[in-house]
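For reference, the structure is listed below as structure tokens.
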Amino acid sequence: MSALVIRGVRKRFGAQEVLKGIDIAAESGEFIVLVGPSGCGKSTLLNIVAGLEQPDAGDVEIAGRVVTRVPPKDRDIAMVFQSYALYPTMTVRQNITFGMECRGVPKRQQAEALARTARLLQIEALLERKPAQLSGGQRQRVAMGRALVRDPLLFLFDEPLSNLDAKLRVEMRMEIKQLHRRIGATMVYVTHDQIEAMTMATRIAVMHQGAVQQFADPDTVYNRPANLFVARFMGAPPMNTVAARLVGGERPVAVIGAGRPDEIRLTLPAEGGPPPGWRNREVVLGIRPEAIAEAGRRFGAEEGSFSTLEAPVEMTEPTGAETIVMMRLGGEPVLGRVAPDVRPVVGGAARFAVDTRRICLFDPATEQLIA
Amino acid sequence: MPAGTAAVAGVPPLARPAPARWRGWLGRLAPHLVLWPPLLVSVLHVVSFTAYTTWISFTPSTLLPEYDWVGVQNYVSVLNSRNWKIAYSNLVIYGCGFVLLTTALGLLLAVLIDQRIRAENLFRTIFLYPMAVSFVVTGTVWAWLLNPGIGIQHLVRGFGWAGFRFDWLVDREMAIYTIVIAGAWQASGFAMALFLAGIRSVDADLYRAAQIDGAGPWRIYRRVVLPCIGPIFIAVLVILLQFAIKTFDLVRALTGGGPGLATQLPTLVVYDLMFQRGLLGRGAAAAVMLLLSLLVVLLPYFAYARWRKRREARHG
Amino acid sequence: MFTIDRRGLMAGAASLLAAPHLARAQGSVKPRLTLISQWSAGSDGAAITALGRVFEQEGGVWQHSPVPGFTTEMMNKLRADILAGNPPAASQLKGPEIAAWSRIAPTVDLTEEVKAAGYEEVVAPDLAKLHKPQGKWIALPLQIYRTNTLFVSSKAMARVGATELPTTWEAFNALAGKMQAEGITPVANGGIRWDDGMKFEIALAGISPAAYRKAIMELDDDALRGPEVLAAFQQLRRFANWMDPAVAGQHYSVFLPRFIKGEMGMLMMGGWAQGVIRHNGFDAGDYMIGQAPVDNGKPAFVLNADAFIFWRSKEPDLQAGQKLFAKLVMSKRVQEMYSKTTGSIPVRTDMDLSGEGWSEGQREAARSLNESVKANQAVLSLAHNMAQSNQLTAAMIDVLTEYVHNKAVTPEQGRQRLAEAVESAR
Amino acid sequence: MAEAKAAALAPGARNPLGRGVVYAVLAVFAVFYLAPLVVVVLNSVRTAQDIGATSVIGWPRELAFDNFSRAWGSYCIAQTCAGIAPYMWNSFLLVVPATIISTLLGALNGYSVALWRFRGDNWVFGLVTLGVFLPEQMKLIPWVLVLRELGLTNSISGLVLIHVVQGISFTTLFCRNYYVAIPAELLKAARIDGAGYFRIFWRIVLPLSPPILIVTVIWQFTHIWNEFLYGVTFTSGPQQPVTAALIALSVSVSEAPQYGVQSAAVLLAALPTLLVYLFGGKYFLRGLTAGAVK
């Protein structure tokens, strides 16, 4: 049975259509991440799932029950907010038990649940404090505790980590992931941070302009982005997208900057290549930066699945773990990832290897992935 | 752009809807039972009283309401009366003078008090207390203080400055400004409180930034703080304007509309027509015209508020 | 909103129904009176309280609700009670407003009681008329004040070497001129609306009581545009020039100290000022008192009177209370007690004021009233709402108060505006 | 934050002259603001003869403290010689319930309009707000009719009703402006926790409200306490509020004003509101700072 089904949900605020027909289904125990730039409608969608807003059309189904017209409190969900939304006048204890109090859960049961949750999140020492007396990370934990204590059918997270500093964010990310694994609940998590999406999700729904651009597992989203938007949104640095022309006979060859003196020709793998109809047409190549490395890298593959080329180096960015190189391929700026000890001379030319198996082709007209 | 195809494929068929529960229905109704009565009462009170007054303004009512129709006759005679003309032009002078002076005083006091002075509490209370006392009382005292024969002029001359003159109260041209002074005395503390509240809620980082930019305290106020509290200016202006339009006790206690008719205000005319002269219909006509003038002030404000909301919505 | 009329009718019908039982009811019920007045403090309060005590001594239940503040507030209260269908048994009301208000709610016909008391014969005819608007007595006057009373500061008199009160405006003006030359402010005044209006009525009544009657009381257009009114405006301008320019918007009593010290010369004020002067710790030797100048040499009396109107009630105890109250108000005993407390003079012209407790000023005023009535020179005060309805009075006083404070208005313009104000207010 | 600002804006730290100017200007204004109060205080200890024989502004020749005891307990107003004490009690009977009810209803209204959005809420709020601007002279006759239909003429409950209904406009305005600043997520969290309209109000919104409630309570208290027109019109005799008693003490045409006793009475009658400002002033400002003015 699906834990959550969103079916044909539409929402409009005044003249603006915020959600243009959303369909998503999550299996029980899944960790679904809704990711997209701000204004893409992901928070509105989450609010609709929570029952805080009503869709103009479509249905929401939780654990097999249509809840579109059911108020939030009867949906058996819990939610963690970006600002944590802790009740400022209540203690941590009261904050956590408020939901049970509203539902008339007996005091003893409340105390047990509270103790369990507090232990789980290691916030036993904070129970008598007011939210104003807590640090950012502690508030975050309390907000989590408020959600966890109720053992709901569905957890909703609305950018819960975006108010934390970088270090804490990484820690909490891990914790939430472990938590998910431990309790095995279904979670829907909204973020604009694609790293969070990649690291935590079992499936990612990439949203843009009120529509789901792609709904798939992280690998697929990353390696086979459904369209140029997803390609450019996911990954840091994002996927390089350069215009090219497909030529060649048996094995297709992509030509970047055709006709220029520095034109680049990449021979693509035969299998999984574009349909024959695409020969001699313009396409957009999508190349992940990590598919471009210093010459000699084999990408763990057989000879022939990668090409070697020479390109002018415009800038290098050593990050410690690797070096990002900005180069030009056929006149187009492209980023590559080379080993940390490789330091190409800026202004000179260097040789690079390209993993052609990982090149994606997009239709420049529809921006959709070809094949 | 089509939605991801994978999603559509994964969506199972519709499940059966949850059964409606009467308890849920009642639970949803209960808030409305509480939400609406007080709202309706206050809305009804505004709408019906205004409508009633408008109706009366078209009737020949004198001592008691009567319900015949006389058209715009009451409006014509009010508009033609000297009293109303004087009162209305006074309202413009007084309204502008009062609002400007009160705003300026309030702002000045707020800035001064914001200097982290000692005894802030004491000063604030001194400036606020006039709000706490009825004008029925303080108006009389102001009438003494402003009276040249017994008040400030008399006292200053007593100190030896024989040529000192401050006789606005008895000067037909200037008397309306004494009302402005007394009005500002009462309301400027409130303006001060609002401004002070505004100044104190400006983000401290802004001060730091301005300081690093090399701005002195007064420049910080002028260029950084005051622009930040623009909305408070609007709130203060609106509150003061409604004070100005409703001013009644003050004039009644201070000048009684005199000398002559020099300090008549529309509210006095309304009250005088309705209750002193027993011309309810005519008084109602004057009240309706007063309300219309209120709209002249309020409509731009609402338009501004709407515009601001739109703008915020666009940027949010 | 026909309910007002319906309630009025119902009240009327109920009282008709109740009438046959009245005689029997009266025997068994304790008379009760509900009363609204603005007399709440000072000597007014003391007088009405004493009246209440008399009422209680006579076996009545006294329920007085004073409405403090301006007369308008009392009228608001009365209006609210009438609209609520619950008017008091009696309420303070004066002048032509008695007629106006009697049209909006049923009143009690007191003609029988007045006849029984022989009251009509001893009341000044102009005054009597006000209290029986449709020929029936529905209200009873309680006390009288003369507004055209002249107070002159003894110290100021001494400084200019004068000993006699001026009896004509010419003499008044000459005396004022002398005072001014001595550095005395000749005319003491407050500068509130009614005060300004009073100065005009005193001037006009002194110039010609007949013209006053025609112009102010009868609103005769020719009289309003006549030479006497012009002369009164000229005299009013002289007053204005003799006032302290620094005085406005104050109660006249605020300046009494300066008057007594001789810094101000003459005060034109109602007889009630005597009590105020006494109260401030000054005595009768500090000032001279008499009638304001009258040019034709005969006494003239500008009359201000307080009265009670009686509202119809269906409750037998209230009806009995009204009868008792009417009897008391008309009685010599109550009028004496009342006037002695407030400094007014009795409404009854047949009273002997030679006894103890009456002041010389009161005796003089009472004499003057009698003689003025005989000479047909007793007129009704404009400034105190005795001559015209509130609406007309207010319109006329608008002109007068502006004239006093705006010296750019000529006497001719003043006369013109007054006539126009009357015309448009009618 | 206060620290940072003070560092930036305390000219005295570097420039003692500037500091002196600040205090001097404040002192001048303080004199201006206190002048009427000083006159009243001085008069309250002067005898009527003293005032009558000299001027209404002046130092007392002898101290007449009995003005206060007379004003409080024995001066004759409206035939009863019990001073203003009973009228003060009436005012309390009127002000306390009217203030509490109008504040609570205003909070509820503000909560409904600000946080429990419904169709047309802006219109409703606009109309409620308009009530703040209606001159009370205009509403006198309609109130007479309403009180008549409700059978509440001449009663303190009628007066309470008037002040509650008229007060709601103001309290709603201020509470609403305060409540819109409450983060929306807080309410979402509460709704998901299962709290309904009432529980959110009682457990979350109301506990957040003290700053604004203090503002509205102070405002309502002083306005109702000082109101005169309705008080005189809609009550009678022994039920009248203290403002009516004060007027009874003041100038009438034929009376010598009792300035001494009157001034004492004025001070006594103003005491509750002055105390409210004295002790509540800090919270008043805090409430305004907390968002009442947005």
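Descriptive notes on the structure:
The chains carry the letters A, B, C and D, assigned in the order they are written, with residues numbered from 1 in each.
By definition in this document, contacts are C-beta pairs under 8 Å (C-beta built on N, C-alpha and C of every residue); 3 or more make two chains touch, one makes a residue touch a chain.
These figures come from a predicted structure and were not determined experimentally.
Counting only chains that touch, the fewest steps needed to get from subunit B to subunit C is 1.
Across all inter-chain contacts, the pair with the most C-beta pairs is B-D.
Farthest from subunit D in terms of Cα centroid separation is A.
If each chain is reduced to the average of its C-alpha atoms, the one that sits nearest the average of all protein C-alpha atoms is B. For this pair, subunit A with subunit C, the centres built from the Cα atoms lie 91 Å apart. Averaging C-alpha coordinates per chain places the centre of subunit B 16 Å away from that of subunit D. In terms of their C-alpha centroids, the spacing between subunit A and subunit B amounts to 52 Å.
Centre-to-centre separation between subunit C and subunit D, using Cα means, comes to 38 Å. With touch defined as above, residues shared between interfaces to two or more other chains in subunit B number as follows: 65, 144, 150, 271, 275. In subunit D, the residues touching two or more other chains are 55-56, 140-141, 196, 228, 247, 251.
Counting partner chains per residue, subunit A shows two or more touched chains at residues 71, 74.
Against subunit C, the residues of subunit D that register as touching in their complex are 48-49, 52-56, 75-79, 140-141, 144-145, 147-148, 153-154, 228-229, 232-234, 236-237, 240, 244-245, 247-249, 251-258.
Those residues of subunit B that touch subunit C in the shared complex are 62-65, 67, 77, 80-83, 143-144, 147-150, 153, 167, 169-170, 172, 175, 254-262, 271-272, 275-279.
For subunit C in complex with subunit D, the residues that touch the partner chain are 1, 36, 38, 40-46, 48-49, 52, 63-69, 73, 76-77, 79-81, 83-86, 145, 194, 251, 253-254, 256-257, 260, 270, 272, 275-276, 279-282, 342-343. Subunit B meets subunit D in the complex at residues 27, 30-31, 34-35, 38-39, 41-43, 45-50, 52-53, 56, 65, 105, 108-109, 112-117, 121, 123-138, 140-142, 144-145, 150-151, 154-155, 185, 189, 193-194, 196-198, 200-201, 203-205, 207-208, 210-211, 217, 220, 231-232, 235, 242, 245-246, 248-249, 267, 270-271, 274-275, 280, 283-284, 287, 290-291, 294, 298, 302.
Partner subunit B is touched in their complex by these residues of subunit C: 1, 4, 72, 75-76, 79, 82-83, 97, 100-101, 103-104, 191-193, 244-250, 254-255, 258, 389-391, 394-395, 398, 401-406, 424.
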